[in-house]
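Across the two complexes that follow, chain A remains constant while its partner is chain B and subsequently chain C.
Our next item is the complex of A and B:
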């Protein structure tokens, strides 16, 4: 049976009195690239940490390749098959790059030496440099090199391109696509939406610890639109028949209706108006979902 | 072995310096054994048997009972039996914990590594003093020296394990050091009283270092077991706490 690469089963987490994750539930199938998105403090990093057993959930279970990520016995097996780039991207300050690589290599049977050489050359990393003297970008490169050389089945990446130069970012994205083609499942948490839009297959959008949206990117983009309406007089105060996840913004005689995940049949109400439809980028979808949710706050706010 | 290699790379410089400090202290006391004529009873067993004074009545007592305990807390601070506090400060804790090594096994490796260094420092500096005694023809037995070193190492192990347990809760080296030092000091207070009087009855350190062996010539099994039980207990408390901690 093909078990999902990652499964969150109603995972909740509280730190003291603060609820950081609230019944989070989503699945990443094997071989997929999924983007975990959300504003600062939405619970992305905590979710990643739960998968790596750095943080234990208060309720629910997180499974990686069918194994409980927070069961002490199973989490070891998970960490043998999973590679990660955590938000810190810091390495032992007393080791050189070569020593860090040598140290990590011994924990993994499937260490790919050829790939290591290629990546070190591509990222221009100096093996003799002390890890503490690496720049932020070079630390990110070393973290990515370590993650990709392990020959993992699942990659968990928390802001992996933070600090990278544009060329290195491009190289990294190519590596991710190649890894995905090789069957590696990837969960990537990033704010660089324009960058990853080309490669991710689905997104999970978190806001205040809850899943706001979990959808395939292509379907979402297909069904999400901006509708620009220009009226001869004042726009109407209310519009009937709008989709549930729609938002209106007005400027003088113009009105923009943004609808996420569902097309709006504007012809029913405004057949006589010239309505301009514009597709949304992932960045725009993200922004609109958050705005719609904030407007709706008071209800459950779940757009799933 | 990889983890031990990491520990070595991490603390070799500090180990060098702390070993040097221990060595210099031992050289100072050795010089006193060789040169200073005021030593009343150069070997403790006889001194204790004749009840000529407390543990600090001779230089060995001074060394084992006073100088070495003062070096244990700085040693714990320098080599950190709870290396997760250092890794958290260095922000390398996520990298370490994402490797396929259990928290328990890495913590146990660190504790073992730390206590082996502790034993090494106690033994090699004390051996220097033993050498001086042999040189001066003082009638001190090698077995007595060996047992005293072992018991002191175990007793220091209790203190550092306590420090480890404190640090696993407080997660701050200075707070853990303050807490341990306070407790160590409070437990030392009964030593100031006569052993028959109320506080003197609770002189834990005398039990830990096996004073009755020196007094009666018995092997201090009770002390050995008590030390081992305390070390295991404190370490287990700390390890469990680390296993449950969110990083």
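Our next item is the complex of A and C:
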């Protein structure tokens, strides 16, 4: 049996009084591409840091390939098998691309020279250029090249497509699909949902340190809908039998019910009405989940 | 066969691909016995999650549209179902075409026609047989 690539088992983390992660639980199977999403301050970075043992949980455990990422006896072995591309892609300012590559390869046994020449060609990186003089997009490509040439089993990426032009982004995503086909498990932390939605298989949505949603993307999109209802008179104040994750917004005689992860059988209550159904994009699902959660907590869009 | 996905439409990618593959069969751009790209090649070419392609092939095999031959690859099934499909489309398409022409002549927008079409499908689902 395959152990999962990444497993968060009720991980909580507090910095002094402030709770940053609250019983976070999710799994990324081997070979999968998972998106870790959330607004600023939702706990994405802390989760990543826990996987790299830069932060240790207050409670719970984080496992990578079955090993405890925060156990000193295992964390080094974990880091050998995990590559990470951070948001800050800076290199030694006095090194050329070639020197950066020569330097990096000395640290890793599994350095894949064949893959390197393919990637350099693909990304059109100039080996003689000073790494600090590369454009933002090319720095991101160099960082991904370094990460992939290590032959990692797990790849963690923080805002990987930020600063990439559309063509470069497509090349970048294609290399990630290729890595996934080669068996690499990938965790992408981002809030640029639309840019990565076609390559991620599942999402974990964090908000204020809690997992609001952990689902398979295609099934989620299939089951999430906007329902637009137009009434002859005033819309009713309440609707019985709405799915668990649904909310209502009103405007005059019309009403929109948004339901995430579950179809709403409106025919039971409104068979005589013309109801329009519209699919939700991942970005819209994300927005609706946050709103539904805020309404459930009783706040009226109140952030703090 | 020409496959083109729109990831931002809200429609699951696997459903877009299933429809496009069936359409390609119906219009004869791929025929019974033709081989389809491997999961690897299609995922790489379309830059989508490999599991999505696997799901498309799995579901189309279940619907007997495609045939998975072990070690050989994925093929358009050599079954009457695929022929029936193309006959069916040829029989119904003129009616749709006519409806669109009449709608356009009456000054309806594309959006209005689509909404009307969707609501007719919904109506037939709620009055006729139980929808899926």
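What we mean here is this: the second predicted complex is superposed on the first by the 297 of 304 C-alpha atoms of A that agree within 3 Å, B and C clash if a C-alpha of one lies under 4 Å from a C-alpha of the other, contacts with A are read in each partner's own complex, and residues count from 1 in each chain.
Following the convention adopted for this analysis, contacts are C-beta pairs under 8 Å (C-beta built on N, C-alpha and C of every residue); 3 or more make two chains touch, one makes a residue touch a chain.
None of these values were measured; they are calculated from a predicted model.
**Q** Taking the superposition on A as described, I'd like to know which of chain B and chain C A:197 touches: first, second, both or neither.
**A** Second partner only, chain C.
**Q** Looking at A:68 after the superposition, I want to know if it touches chain B, chain C, both of them or none. Which is it: first, second, both, neither?
**A** neither
**Q** Kindly classify A:22 by the partners it touches after superposition: chain B alone (first), chain C alone (second), both, or neither?
**A** Touch partners of A:22: none, neither chain B nor chain C.
**Q** After the superposition on A, what does A:181 contact: first (chain B), second (chain C), both or neither?
**A** second
**Q** Tell me which partner A:262 touches in the superposition: chain B (first), chain C (second), both or neither.
**A** neither
**Q** Which residues of chain A touch chain B once you look at their complex with the stated criterion?
**A** 15, 49, 52-56, 72, 76-77, 79-80, 84, 86-88, 90-95, 99, 103-104, 106-108
**Q** Quick check: in the complex, which residue numbers of chain B touch chain A?
**A** Chain B reaches chain A through residues 2, 5-6, 9-10, 90-95, 97-102, 104, 243-244, 246-247.
**Q** Going by the contact rule at the top, pick out the chain A residues touching chain C in the complex.
**A** These residues of chain A touch chain C: 32-33, 170, 173-174, 177-178, 180-181, 194, 197-201, 217-219, 221-222, 267, 271, 274-281, 284.
**Q** Write out the stretch or stretches of chain C touching chain A in their complex.
**A** Contact set of chain C toward chain A: 5, 7-15, 40, 43-44, 46-52, 55, 115, 118-119, 122, 126.
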